[in-house]
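Quick heads-up: structures coming right below.
One chain, subunit A, appears in both complexes that follow, with subunit B as partner in the first and subunit C in the second.
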Partner chain A sequence: MGMTKGWKLYDPRLAWMLVAPVLLLLLLFLLLPIAVMGVYTFFTFVTAGVETSALTFANWKEFLTDSYYHGFLLKTVRVGAMTAIICAVLGYFPAYFIWATTFRHKWLLLLLLIVPFWISFTIRTFSWIHILGEQGIINVTLLKLGLIDQPLQMLYTEGAVIMGLLHFLLPYMILNVYVSLESIDRTLISAARSMGCTSAQAFREVTLPLSLPGLGAGLLLCFVLAAGSYVTPQLLGSGRDALFGNLIYDTIMGQLNWPMGATLSIVLFVVLGCFAAAYTRYMGMSQIVKGLGG
Partner chain B sequence: MIAGQHQDKEGRWAWRLTGFITLCVYIFMFAPIIATVVLSFNASMFGGFPLTGFSLQWYAKLLSNEQVLTAFRTSMWIAFVTAAVTTLLGIITAYALVRFEFPGKATFGTLVILPALVPETILGVGLLVLIKAVDQPRSMGLLLLGHILLALPYVVLITQARMVGIRRTYEEAALSLGASRISSFREITLPLLIPAVVASALLAFTISFDNTSASLFWRPAGVETMPTQILSMLKISISPEINALGTVMILVTVGIPLVGGLMLQGLTRLRKRVDAKGNA
Partner chain C sequence: MKISTTKRLERLNERYGNGDISRRSFLTLTAAAAASVGLSTPWIGRALAAATEVRFDGWGGVVQEAIDKYAFQAYTQKTGIKVVQGTFGDEDEIITKIKTSKPGDFQVIHSSGVNYYIKYVNAGVNSEINEANIPNMANVLAPMIEPFRKITPKISAVPYDYGTTGIAYNNKVISDDEAKEKGVGLLFDKKYAGKVGGYSDMTTRVWYAALQSGQDPNNIQDMDAVWAKVRENRDLAKKFWSSGAELMDLLSKGEIVVTDAWSGRVAALQQQGHPIGYIDPKGSYAWMEDMLVLKGSPMPECEELINFMLEPATSIAVAEGQNYPPSLDPTKVKLGDKIPTLPAFDPTGSMKALTFADPVYWATNEDAWNKQWDRISKGA
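Take a look at the complex of A and B:
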């Protein structure tokens, strides 16, 4: 290539040329929108769909003083945290099982974990209606057995929302923990056992601590994805179970109040960003990268 | 050695419990999906249990639903373009990130995976506010761009992981023998990269085909993608038609990667056989 004459084989200038399209894409459509959103939080809302660029603190004042918004934020953090913790507890067992099993077709267990990623999220979510709904398998079975005479109200509750989120997030957790377990040097465990550890002690002293990075990455990922969710509360929850994402959607697409919608988006971004930053400060970025790559 | 890991009494008990919970988690993951597939063949007028008989009428009804077919076509071509563009961008980016040292590389690496970590709602609002600020209407281009942004982190990570395993000495040998940079990449690196390219393209396709939250913000007025179409159908009722639609979607999104993976496996096996013949 003529234009690389006089350039080193791995010249940084060439690297910049290669990453330029993606860098441009990220600057223009990821960072710039977030910046514009930041500016929008200071715009003045006039009426639905109309705002002026007269700068004001009104949106921030409204957010900071109205307990309606605080309630939403707290509920979102609580649901996110509960989902992430239940995911960690339930997800550790399958990850450990797949790692430790002598079953010959281990790949099948791993493949089954990846298959849900291929199935439409909307379908996976609404399919819970067939389990929990009035005509769902649980209610129909219990009614037939005569154990209840009225269908149980399980759908359109916070429990159903958390159930749907667990269903969506468990594969992320299991894969994160599994990747972490896979990187453990197995001779360490043999060593612990031959030195007289019981299997429980070997697990507590060796396996568990060494798998914590994966567990941490899984917790963060599940928390962020749960707290940012929109579709699950929409489909499986009642109006009272709406989360912050639903609030943002309604503010922008329903009320057409763009400045307030931008303010709420920035709030969610900053809150979730703080959790992520606190995590990467202690654990680094690499574990998340491993987890995302499967 | 793993067998010896749980040989004491306590260990065996814990191992059984682990197996049991694992089984429960797998049932938890697949039971609702299986219920949807089963119900799509149910003769009942309502979308739920109990089962009343076998019927294919909901599939027939689906095939004559013009709205659904339009949404399906829209989603298909957006997913195709997203997969093609993102995979191309991913290869170039991964090549730069793996082979080169340049100032700002770490920051760039973090920036690339950011779209996967920022909640979709925020990405959705962000792009929307941006085009509102420059007074542009929502367009298919915006939807496409958004999908590319969403799929990019995964594609870069997959391609990067594979690229790390390809030694640069192969390319450098070709270069020292007089090959141009582009032809050394095309002849040496790209063939070794194929599994990652196929995996990336399939994943980008599914990410785009499946995207719901962000698409709700980005789609132009009157345009429905497959998931948004399902959402708007769900607002009316849980009709058996939705179960049929769900089953078709599962076949498409699970079928394509599975067939792709099998084809890839067959291809490598074939190539190995040809190579073996060539050597003999």
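Take a look at the complex of A and C:
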């Protein structure tokens, strides 16, 4: 072909040209803004909405010495981890079912997983108010059945926040595990069975270990997304249930203190980045790419 | 030096005419110049559109619906100038957006009075209004304009309405007599633990804590006592709401039975038939709102819009729709039957019956108090 004359399919020049636009976009819209935020962490806060470029370590000093921030950082990691683990426990079985089923229209099951994404995330979060609230469906039903005298306090609690996060993140976990299961060579399971394994043993010895990369990728993805969320705690939690993202929001939008807000943002970015780096070190990032593409 | 596209094309044409450049180069360069026009069109388009469009950002909900219905639609019909609208739940949110945008992206803001006016002035984003272009300002209450003039003699905002943040309560649970007797104390009543609400805003929280601790909110002597009261109220509260819509939702669904609340939103709930009572206890927090014009706005169009909004017929219709009394002087303009019945309405026009926040006092303390409130709201 005339147009590809001189090019080979695996030509590194072609590869660079193909990724160049994306690299440029990443540089302009991801790395550069993060760098600007990094610089902002050294700016001086004057008053709400006003800062000067006089460089200072005051923001970092405040973060490092104030236990208020450390407490929220630990809490954010804890809520993120709890959400990810519950997602793993709840998500593995549906993924396994979709993989193992002999139902002819498997695509329908996968479609059902994606359907929630058709509705705005904020609206999905708001819907919990009508389920968990005092006038919500659970309380109204329990009251009508006479099982309780007073409505249960479910909304505006940490439980409600985790529930909202699970609702949002579960499909990510299921898809990741499913993709991992799909890549297992089924003859391995047959081999295990033919060598005398019970089906439970075959699952424990073959299927589960081989699906661990997907489970790990799902855990990381759910953890990072949960720990970085701020809409869910804002809508379903009380002030005490705020996560680190809410602290950042309030510092930037409420106190109009951009230098401190930038400092907190960089902190969260670095902390979540460390978890992702640790994961890459032990599991490899390719699994997440597979899961998202799956 | 920067030259305009027209100039560039003229020069090219001249050089071509002089035989300085070949036909081929001329066409190439002309095409390049034309392409640069094409690329810059989005920005040019915006600048040109400014004359036929005014951008307005307000509080959304029933308030903005009223403004849109009675003021903007009529204004567009009369002048052909479209009002492009945005909303915010918290004014700090729009200040952040303004800080990150170009002058002129945001133009007219339905702002919360002098406390916020200082923030725009500090950030250097306020404009200077030509009052001669707003003849209807003659009808605006002088005591409402004065505080703005104290901050900037040449003002960039015109007061538009006022209201109070009083105490709203569910009549099914709390009687009018109980509310009158307890007043501010209702927000601190252990009997209603877990059913109390409040505006998630430092000024409101500190204001009511100051009243409850027996202090003047405009001259607090014992701040520790105030923070202790803020914490006491927090521990009784189910949720601090952050928008008028959320307030109406929490009250009407019975999630909370007592809260500090914006008078107009409560009036709207009452008109919808919800059993909600409202009182303004002594020292109740009064506030005003203004139409603020930002730097970089098309001033004549914005001034015309504000003048149109201040037309008595428009202003009264908006006030009746949003349930907040207008800034028009009741001794100069007949305000009809409904407005005098609205909560917070001052028939004397002196505004002496209402307690507004002292802008300088609050601005001095705002940064530190906001930070402290943020922490207390999160359980500190």
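Here is the rule we use: the second predicted complex is superposed on the first by the 272 of 294 C-alpha atoms of A that agree within 3 Å, B and C clash if a C-alpha of one lies under 4 Å from a C-alpha of the other, contacts with A are read in each partner's own complex, and residues count from 1 in each chain.
In this text, a contact is a pair of C-beta atoms (placed from the backbone, for glycine too) under 8 Å apart; a residue touches a chain by one contact, two chains touch by 3 or more.
Just so we're clear, the structure is a prediction, and the values are computed from it rather than from any experiment.
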| item | value |
| --- | --- |
| Joint occupancy of subunit A by subunit B and subunit C, clash or fit | clash |
| Which of subunit B and subunit C A:154 touches, first, second, both or neither | neither |
| First, second, both or neither for A:134, with subunit B first and subunit C second | both |
| Touching partner for A:179 - first (subunit B), second (subunit C), both, neither | neither |
| Per-residue contact with subunit A, leading partner among subunit C and subunit B | B |
| Which of subunit B and subunit C A:86 touches, first, second, both or neither | neither |
| First, second, both or neither for A:167, with subunit B first and subunit C second | first |
| First, second, both or neither for A:252, with subunit B first and subunit C second | both |
| Which of subunit B and subunit C A:238 touches, first, second, both or neither | second |
| Contacts of A:219 with subunit B and subunit C, given as first, second, both or neither | neither |
| Partner chain(s) touched by A:121 [first = subunit B, second = subunit C, both, neither] | first |
| Contact residues of subunit A, present in both the subunit B and the subunit C interface | 133-135, 252-253 |
| Complex interface listing, subunit A residues touching subunit C | 47-50, 68, 72, 133-135, 153, 155-156, 238-240, 242, 246-247, 250-257 |
| Complex interface listing, subunit A residues touching subunit B | 1, 4, 9-12, 14-16, 18-19, 21-23, 25-26, 29-34, 36-37, 40, 90-91, 93-94, 96-98, 100-102, 112, 115-124, 126-131, 133-137, 140, 144, 166-167, 170-171, 174, 186, 189-190, 193, 198-200, 202-203, 224-225, 227-231, 234-235, 245, 248-249, 252-253, 258, 261-262, 265, 268-269, 272, 276, 285, 288-289, 292-294 |
| Subunit A-facing residues of subunit C, complex | 90, 92-93, 95-96, 99, 119, 122-123, 194, 200, 234, 237-240, 253-255, 366-367, 370-371, 374-375, 377-380 |
| Partner subunit A, residues of subunit B touching it in the complex | 1-8, 10-11, 14-15, 17-19, 21-22, 25-26, 28-33, 35-36, 39, 46-50, 89, 92-93, 95-97, 99-103, 105, 108, 110-123, 125-130, 132-133, 145-146, 148-149, 152-154, 156-158, 161, 172, 175, 180-182, 206, 209-210, 212-213, 216-217, 226-227, 230-231, 234, 238, 242, 246, 249-250, 253-254, 257 |
